[in-house]
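Okay, so chain A shows up in both of these, paired with chain B first and chain C after.
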Partner chain A sequence: MHVGGGFIVFIVNFLIRRLAQGVIIVFLVSFLIFTLLRVIPGDPVRLMAGGMAPDHVIDQIAEDMGLRDPIPVQFVRYMGGVLQGDLGQSFIRPASGAAVGGASFDDNTRSERAEVFDLIADTAPFTLQLALLAMAFALIVALPVGIYGGLRPGKWPDRLALYMGSLFISLPNFWLGIVLALVLSVNLGWLPAIGYQGFAYTILPAIVLAVEIAPFLIRSLTVSVAQNMRENYISVAAIRGIGHRRIVMAHALKNASVPLLNLLGVQFSMLLGGVLVVEFIFDYPGLGLLTINAVLQRDFPLIQGIAIVTSAAFVVINIIVDLVATTIDPRLEY
Partner chain B sequence: MITRRSLLASVGAAAGMTQIDPRFFISSAYAQTTEPIIFLSAENITGNWDPTAHTTLSQKNIEAYVMGYLSRTPMRPENPDETNMELAESITLLDGFRLEIKLRPGVKFHDGEPFAAKDVKATFEYGAQPDRPAQWYPGPTDSFEVTTPDDMTVIVDTSKGGYAASLFIFLASYLPMMSAKDIAAGPNGPLSQRLNGTGPFRFVEQRGNDTVLEAYDEYFMGAPKVPGVNYSFVGDATTRILSMLNGQASIIERLEPEQIETLTGKPNITLSKMVSVENKYLWFRCSKPPFDNPLLRKAACHAIDREIIYEVLGESGSPSKNFISPIKFGYIDLDNYPEYDPEECQRLLAEAGYPNGEGLPELEYITSVGFYPKTKEYGEVITALLQEQGFPVTLNVMEVAAWNENLYDREGGGPGHMIDCGWSTGSPEPDLVLRTHFHSSSKRITGLVDPDIDALLDKERSASTLEERRRIIQEELTPMLADRAPALSLFTSVLVHAMRSDLQGLFLYPDGAIDASKAAFV
Partner chain C sequence: MTNISNIDIPAVDNVQALTIAQRVVLGAWRSYEFRVGFFVFSAMVLLAIFWPMISSIDPLKINIRAKLMPPAFMGEGWSWTHPMGTDQLGRDMLMRSLVGLRYSLLIGLTTVVVMLAVGALVGLLAGYRGGLTDTILMRITDAQLSIPMIILAIAILGVARPTIPAIILVLGLSGWPVYARVMRSVVMAERKREFVRGATILGASDLRIMFLLLLPICLPPIAFVAVLDIARMMIFESVLGFLGLGVQPPTPTFGNIIADGRKYLVNAWWIATVPGIFLFLTLISLNLMGAALERSRNRVHGGEA
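Right, the complex of A and B next:
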């Protein structure tokens, strides 16, 4: 166990090491996305300038914006801005944040373009709320089913966990989203489904996402609880006269929570970056919908900004998860 | 084992649950019947509110709520020429080159400025500038003169341009009247930042993908009954229909045929179907080989059986045999419109030097998916029919943004060899289609440069009376277009809207614009 000053030194070293690794990861992700965007077909300048713009105007705009420079040159320039907290301006979106179509090439009266940072800052809280609620729903289902399944290996609770996980993972999220919207919103009128006018609009998409991630949590819990219950320390604890509930709660679950925690970290990070389909179906104004529109419109700065933010979130969440896991099980070294 | 403590804890928790108001978490989707009209649009807007800066249909539809028009034309098939005066009290031809517009007094813009003749003059002169992307006008600003003898009278004189002043009659129902003050502030002024009109709803803000409008109590034809309109871009058709079904949306647009079936018979949903002002076209890239050869274009037209396309479209398309919609001025079923005729196709292919299609290069046919109904499906039909006659065609289906990127003509010819697109303009004026696409000064998509067609377009524009103009369009211009075939008009779109049955009093124009000034939830 790291205690006192040693613990603080450990934390500081840990943070420095992991943050340094994180910076490298974010840098590599940024470079990869940056390069890929520039080699795939589809000219963003054509979208910005409009279909009627002659080729020489397109070339002129692209040159003025530095889009014809070598990719490494563009990347260094871009990262220079990022290091100063400037993610650039959207190629397409006006400051109002609306998803827009192309305008005419000789139109110098377009509204000011939106800052990428503002667009992400406006939409990320919605996705965060959705991800947290989805995680809460998933845990509400996964904890009892997974733990009970792990405590009764080979029995019906274990089979229930297995069947439920198999069922949930087999449901395509776009299909489930539409069916749930039809049943809970259209037929029963219990929940609103489309857009966002308040907290209630988060519930249906969160249920769909919860169904998507619950099988992983259930499986992880079932396996790790069952595994821990077979360990010697559990048998010894019973011999020491510790009650069954305490053995399960304080010993088996505590140790089983480490893999669960890691999985939660990964799933949560994936939720932040991977809610595309669900947000699109429910027209939920989060990062996912923003990403889809940015990709469709070849909005390079926005795609890059979202990639940097989500990869940074991934790194930070995993650092937190590892820190918490270390405090639960001090034997772990990260 | 149940202990006394755990039992009490459970009872306490159960009692606590009864105190939680579930409405905090769950609000019924049907609970908002007194809210503004929620319109879900299939198309996004541009980043510029200047009405002359774009040709985007969804934004034109937003303008219809906010802006005022000198007149409006309902454009119903039974009476396509009907005109109702709005900001104008009368529009009179003084002679072939002079038009007098008498304005309605006492009208104010939403910013409080009174509407007067100077605003009409400024709108006409600004909108006709050659650099304005919308290009609505029969000629550039220096081809006509607008004078204002008094605050309520406007005279348009087209003698400098040599074309008839009557062209402004139909345009009057299409041009949103802008404030002279806004126009004077220049292209980077308030004109591009927000809408300022005299219509029934006032522009409040653009909030993400939602355009927020509120009722303008001083609207000159009576204050609207609904508090406002929220016009939202929702890109996914399934999402729009789910919103309609659960009562969140008041109106949705551009229904696919199977969606019409889904909604038909629902007691709380009403469907509106109307022949629109939009024709859908197969445009040929006429400025590059091989479709720079009219024989080959015509051969391709004779390879296409439009009856199959109508079957694919179901209720979303209506047959027509001209390059303009049947509700446009000058429409007539053309006797020489190219029909499905494989023998004639083969004859023309041979005459063009490509017997059975031999020697033709690989041809690319570009279409979109996600906006217009059934484009991919009928695109596959057209591709198969062309291949059957020997055209080596490949269909390239693109998402809307990429398709839009590839739509227009450019130096050396636009991308691909054929492209699918509709053209919709909310006025009976045929030149908004014909001149825009087939005159060498514009040639938006085709890249067509044909002096004979140019001459006839100029001739009909310069006709001294509407009747003479109609005759030239019907007997000379459109028959020549059918013969030279720079495009094939496939069908006229049927605009299908679904709306809540309790929303009554809406008037839908055939370009998709809506007059909601008398609408109410009943």
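Right, the complex of A and C next:
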């Protein structure tokens, strides 16, 4: 890191470089998903128009929507829209709500189709709330277990961290979700499980998600705390007369938090995968449920929109993670 | 990776005679977790392989008269014919779970082999060649890392037909980037060392150096950690099955049995629970072995991850 004005220049350079790389990544992702969806067999128009629609109607709709053009032409047209902030319209969902995939092809009562952007913007806050709560739960468990494990390598706190990590990572999230719903919701009646009618409905899904995240946090914390405690600056700090508590809290933990942050960036996609499954089990109205439904209904514009938004989120989160990591540990240069 | 020969190893003569891989396995074997995991895992694998051969029960045979029987000692109407109970169509839960375990293991193992092969190749090429090859390969890797793997998997399997090879290919192809990254960094470190330069001077071709010199050194430390990924892939396979995007019924898999059992959760809790327990036992044994191997590898390689 540089001092004063140099630091600002460094930050600006860093942001420009990383954002440029990010744009390329998002572009590649969109192209990949776009091509895959069109190469793979399965005609979405058939689903949109209803099974009974005659072939000429299907061809007509496909023609109107430009789905019979060459893939590169379609892609350029699509990206043109994306650059103007237009993610297109859902194939299937009407603006009013429920899906109409099965409706008859000549049904004129069918309303305007929903904007992909609106669908994502409506569901994203729910997912964010779920993810943040899950992260909080995971940290509450992982911080004490992981730090203790790292401070006593080879002793029982270390074993506890190992066993707890192995146990949590071996619980398939969908199975755990079902079992917890059965025990906590059906049998004991402590927590509501299905749907969303208030904050309480976030708790159970968040617990399941936290169990999935916690092992990674525990493992990363144990390893990095143990590594930091072996470093010279820790033993020197003790000679300098700094108390043990302060050494652990202010010095070792501060440096051990860098790998934890990086983990957050790398494991973002895993978190999203977990969100998908958990939202599906608990019928939680977030981005994950939207994604699964979009896939099952072959709603191409929606799948593409979600892929673009998630890869953009991935890029942004990784930039933030690296920025924060540099401020914590100035030796890191990105 | 540090120079192995420079690490201070307690001077026991026969230790030096072992290869690094053997030392890692031996080190893991000494830990209690590894042995427990190994025995549980072996028991599960043997059961999954041999029980369906020995037993005369057909996992697909419907017997309505014997439907919804609870597991042994767990309520009224159980019998030794079906020690784990039966499902809503009177099919034996033990047999269905074991057949599910077969598919799960098959798909988990093959997927990790595909992941490892693709990842190691990309990483080897990128790390050894460097320059433009490296940049292009790594940008592709980054792009793929930024697509949540499960979205990719369900997008492909949801739109195409989920057959077993398709599942293996999709999971394998979406999981390789991490291996590519690790492999690349290891290869980049090794490539600058003496023996590679020596081989180059002696006229060894690039292919020879990559596959005969670098690969045997760089692959084992990565392959040990891949044990953990077998467990991860088995979870993915069951998630896909649960979403209806895995191996299709009537073939029983953990995912589709549990998805079925969810409907009968209140009256017949065992339909969803029994396969879950089999899956959990297999996963935890794999994870214990994987964790022990990883720790042992880190010790052998001087604490480097």
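Methods note: the second predicted complex is superposed on the first by the 323 of 334 C-alpha atoms of A that agree within 3 Å, B and C clash if a C-alpha of one lies under 4 Å from a C-alpha of the other, contacts with A are read in each partner's own complex, and residues count from 1 in each chain.
Simple rule for what comes next: contacts are C-beta pairs under 8 Å (C-beta built on N, C-alpha and C of every residue); 3 or more make two chains touch, one makes a residue touch a chain.
Quick caveat, the model's predicted, so the values are computed rather than measured.
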*asked:* Quick one: is A:296 in contact with chain B, with chain C, with both, or with neither? Answer first, second, both or neither.
replied: both
Inset, instruction - Determine, under the contact definition given at the top, whether A:193 touches first (chain B), second (chain C), both, or neither. - result: first
Exercise. Considering only touches as defined above, state whether A:280 meets chain B (first), chain C (second), both or neither.
Key: both
Q. Does chain B (first) or chain C (second) touch A:23, or do both, or does neither?
A. neither
After the superposition on A, what does A:328 contact: first (chain B), second (chain C), both or neither?
neither
Worksheet item: Looking at the overlay, what does A:179 touch: chain B (first), chain C (second), both, or neither?
Response: second
- May I ask you to decide whether A:76 touches chain B, chain C, both, or neither, giving the answer as first, second, both or neither? neither
Could you tell me if A:40 is touching chain B, chain C, both of them or neither one (first, second, both, neither)? second
Chain A residues contacting chain B in one complex and chain C in the other 42, 178, 181-182, 186, 280, 296, 298
Interface with chain B, chain A side, in the complex: residues 42-43, 46-47, 50-56, 92-94, 96-104, 106-111, 113, 122, 178, 181-182, 185-186, 189-195, 198-200, 203, 280-283, 285, 293, 296-298
Per the touch rule, the chain A residues reaching chain C in their complex are 21, 24-26, 28-29, 32-33, 36-37, 40-42, 162-163, 165-167, 169-175, 178-179, 181-182, 186, 223, 227, 266, 268-270, 272-273, 276-277, 280, 291-292, 295-296, 298, 303, 306-307, 310-311, 314-315
Counting only contacts in the complex, chain C reaches chain A at residues 33, 139-140, 142-152, 154-156, 158-160, 231, 235, 238-239, 242-243, 254-255, 258, 261-262, 265-266, 269, 272-273, 276, 279-280, 283-284, 286-288, 291, 303, 305
Listed in rising order, the residues of chain B that touch chain A in the complex are 24-30, 43-50, 53-54, 56, 131, 133, 187-188, 191-193, 205-209, 211, 232-236, 238-239, 242-243, 245-249, 399-402, 404-412, 444
